[in-house]
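Paired with chain B in one complex and with chain C in the other, chain A is shared by the two complexes that follow.
So, the complex of A and B:
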């Protein structure tokens, strides 16, 4: 008789989800799925609200990537106003975005995932956490807290508070940068370089212990998508999108992010609230691609900053063409942190960063606006349409985690097939199934936007894949 | 922020939930007084990020509201060190979890006192009930006494 293993909740991720694994009569895995079990609905309840409220409202989607949502939203409203953000305002937005990425990557790498690397996949789950890390590796735990604080303090000092600030506004930012804040940030940077190098060093050594996981943790051919500068360098705020295939060949060398709908379609499935984006020319599900740190480092020609470029050169040696294993998302996060610190330093060293012109003002001048940025977990798209008074009549979001939905499901299947034996479950087996999800660092509270398909469908599947029973809830 | 502060005060709760905003009101009152050697902050809940901040203190005072039958009643308890108190799965920490983190990561062992005031209403509302508001002067007097004791 068929059995089902349910991991509920999946731990050490943002949001609520579960994993189901189908087992046949011999204990073999026949299927596995990653279900997102919460629902949000921001796209519907903002209808009727004025466009200029959007950054403030949309920032509330998430407590981790507040800044990313505010920026994508503000960029969409810039387009509705048909204004050009003043250069200083543009750069200040870039800096706060980089700070947000640093604090989020620190949370993912140190707080959520490093217990797996350092304490072991098979270790006692009660101790396999940041608190277990405190006991065994206090320096790593301290570094995680310090790095996260570095990012959060930049946000607080620039925008007034760490969570849900109101500083990012349509047309730019609310106030210029104070010289004292610039100096305070610059003074902390040398310490952060040392911290990052120290942790890159141990992590690169540690990866040698995880050769098996590297081979099986979401290691399969997909396309990759990320944002690039006109020179093909890494860009985490603005630029064109690029898609490469699993051999590193250009699928879409460069397209305007505002035209995302020409390239990305969205499918839905009845067993999860998260949508399944796909590369439109290839259809669903063949158009599978990944976004986020791994993808970004796969699509670029260089990072564009010296320290990160040095690490990136090593990173690209990990695989023959592009780096396919999702385990390397972790490594990519550390490299992106290094890049982010370098970029922050470069922009703060420019005296123009203290310019006073930081915001353009206007009413609605366009019926539609698309805002795209790179959030910690990948490309984030906000798309609004407004009426003549500037009230939202329609909205669509494709959130970073959502782009990875197909890849996460395939990764869960890969790890379940490799590690799970339905006759004898062990902690290490089930933790690896969770750990492969953590490589993607999914943020589920942001990502659940399937609507009008609300009922969740449960299926009882027989040993040969036949549907024995079906229940629809909702 | 100066690292030489001796007393650190954390007022925590939700200001949109009536009396649950008590911690914020009390901590903001302390911030207005700018007492030497005292630093106060407000937050919605206790999180791991606070561990580093409290580790530099001699005395940590936590201010919170609690549910109960005697609105306005103030309670005080010493938070004791428990190495196993850190919570592994949730977004927030217990007072004991913070203390355990400070010891494990920074070798710090500040005295920690939790002051709570029994709330009357935790429904959606801004502002404190008359009973909890009336307890504020006593609460602040207790905090000031604790601060003096740490001098």
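So, the complex of A and C:
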């Protein structure tokens, strides 16, 4: 007889999901799956809408990565207009993208995941949240809030509104940067460097306590994909895509993001709404790859900024060739924050950033447009087709979390095998299953459950659907 | 003097207040003169009145049915009520019906923050829509070089029809069909970009209270409109006739 454990919903991630664990008679895990239980159909309901409305509509997909969606969407519409975004507009988009990545990484690392590292995987679930952190490690909690605010304030100052700003438009951005805003951002940067260094230090020390998690948290060979500059440096907004294998060998040294469809296929499974992208030449499921901070730091030749490069060198020492454990996504997030701050500083230091030409105008000049950017969680692809009037007739999106779908499922299986014993439902082991999901920081939609506020249910289900056991927490 | 004859004075009550009106004055005008708010959508200064939106409904003592303030003239001894639980409910319901009929998702609309329908919904406290959206598929026409009409956002106020006919004298716009099938059309329901009559003057863009007729290429909230040109133009047209 097989039993099934259901974790529903998974807490401290964005969106709605469920984990089921199949147990055999002896309590051994036979299978584990990560389901996404919501369906949002954006691709369908934009049909017939004017193409230039896309950034505004697409930003609504998510409240955490609004900026990323707006940027990928705006880049696709740039292509439909067949224009080149003015240089200043291009850089302003880059800056807001970096700010968005910082605020998202801060949320993931500090608010959602650091309670696990600092309070412990087995600690009281009622306290294992940012609020518990506030009591035990107030300085870390404060740093997290400060870092997130740094990113959000840049967005707010540049775009006028923190959530769903409409400043990112087809052809560029709506308005130039005010000198006063530039100065305000630059003035806060030194403090942020200190903050990041402080937290990198404790996290690196802490990693030593988690050798077991590092070994078992989504630690398996896959390929990795990320965006690079022409020099092979880290790029989070624009550039070519690169895929490397689990030994760090180039699978695709550099291909045009526009041609993603030649390289990436999408498989579907009946038990989840999330598709399974795979590297086409290797087929499904062998073409498994990961995206996001870990992947990006695995594909590049260097970050291209001095402080981040120093950390990156240490990061690459963690594993023999490429860094395989998904646990290191957390570390990669901190390094990317460092890179993002350096990059923002570099761009703001250039007086051209105050240029007044920031937006190109045009009607529809091309039937198709692909926009690809690096969102906090990985490569984000928006692809539209329009009719001769410029109305959307077809759209496809591959969001960052989706690229990681196969890897997340495999990671859940790995952790379930290691930690779950079907005869004993302990909160700590089930939290580990969730924790591995959180390493990917999946953003399944648009809502944030930053606190441990949702009651979480585990169900032990027999082969005929009968409920054998139930545990509720939260 | 002719005007003196026409402007005979009526005395009546609005919301318990004694007011006096010229006999050619509507309840709406009189209320506005006295600083009393009555919501309106289809009415616009400088164009004829159609009484299409029914938002200006008021109660009159002795009458069972509600009357549109924009089309009802003041009469001697009349007692008008512009604000009651019943009226507030009616007005909110009318707004909800408008919202449920089309696509009025403000957050992604070019007219967000600059829309008369949205402003009214806020002012009248319409915080949710009780009716399921009709989910109609109405065509967006992007054939015009500079403008676009999104019929999903149209509330059929007929301002565009009137301004085009009465001020621009082009009569490009019309309304076709009845009930839920009613649509604004250009010429004989042919693509706007192919219109023989449209002069591309842009007046319909300026008077459209929502984001239905707008300039092309605008991002969310970028479509600001002004129609203070209208009364002046209307006067010129009057003089020409």
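As a working rule, the second predicted complex is superposed on the first by the 445 of 474 C-alpha atoms of A that agree within 3 Å, B and C clash if a C-alpha of one lies under 4 Å from a C-alpha of the other, contacts with A are read in each partner's own complex, and residues count from 1 in each chain.
In this section, a residue touches a chain if its C-beta (ideal position, glycine included) is under 8 Å from a C-beta of that chain, and two chains touch if they have at least 3 such contacts.
All values reported here derive from a predicted model rather than from experimental measurement.
For the composite obtained by superposing both complexes on chain A, the positions of chain B and chain C are in clash.
Of the two partner chains, chain C is the only one touched by A:57; chain B is not. By the touch criterion defined above, A:391 reaches chain C but does not reach chain B.
By the touch criterion defined above, A:49 lies against chain C but remains apart from chain B after alignment on the C-alpha atoms of chain A.
Look at A:174: by the touch rule set out above, it reaches chain C but stays clear of chain B. Residues 48-49, 51-52, 86-89, 97, 100-101, 104-106 of chain B are the ones touching chain A in the complex. For chain C in complex with chain A, the residues that touch the partner chain are 107-108, 110, 112, 137, 139-143, 148, 150, 216-222. By the touch criterion stated above, chain A contacts chain B in their complex at residues 11, 111, 126, 129-132, 134-135, 138, 141-142, 145-146, 148-149, 152. On the side of chain A, the complex with chain C involves touching residues 48-50, 52-53, 55-57, 60, 164, 166, 169-170, 174, 361, 363, 389-391.
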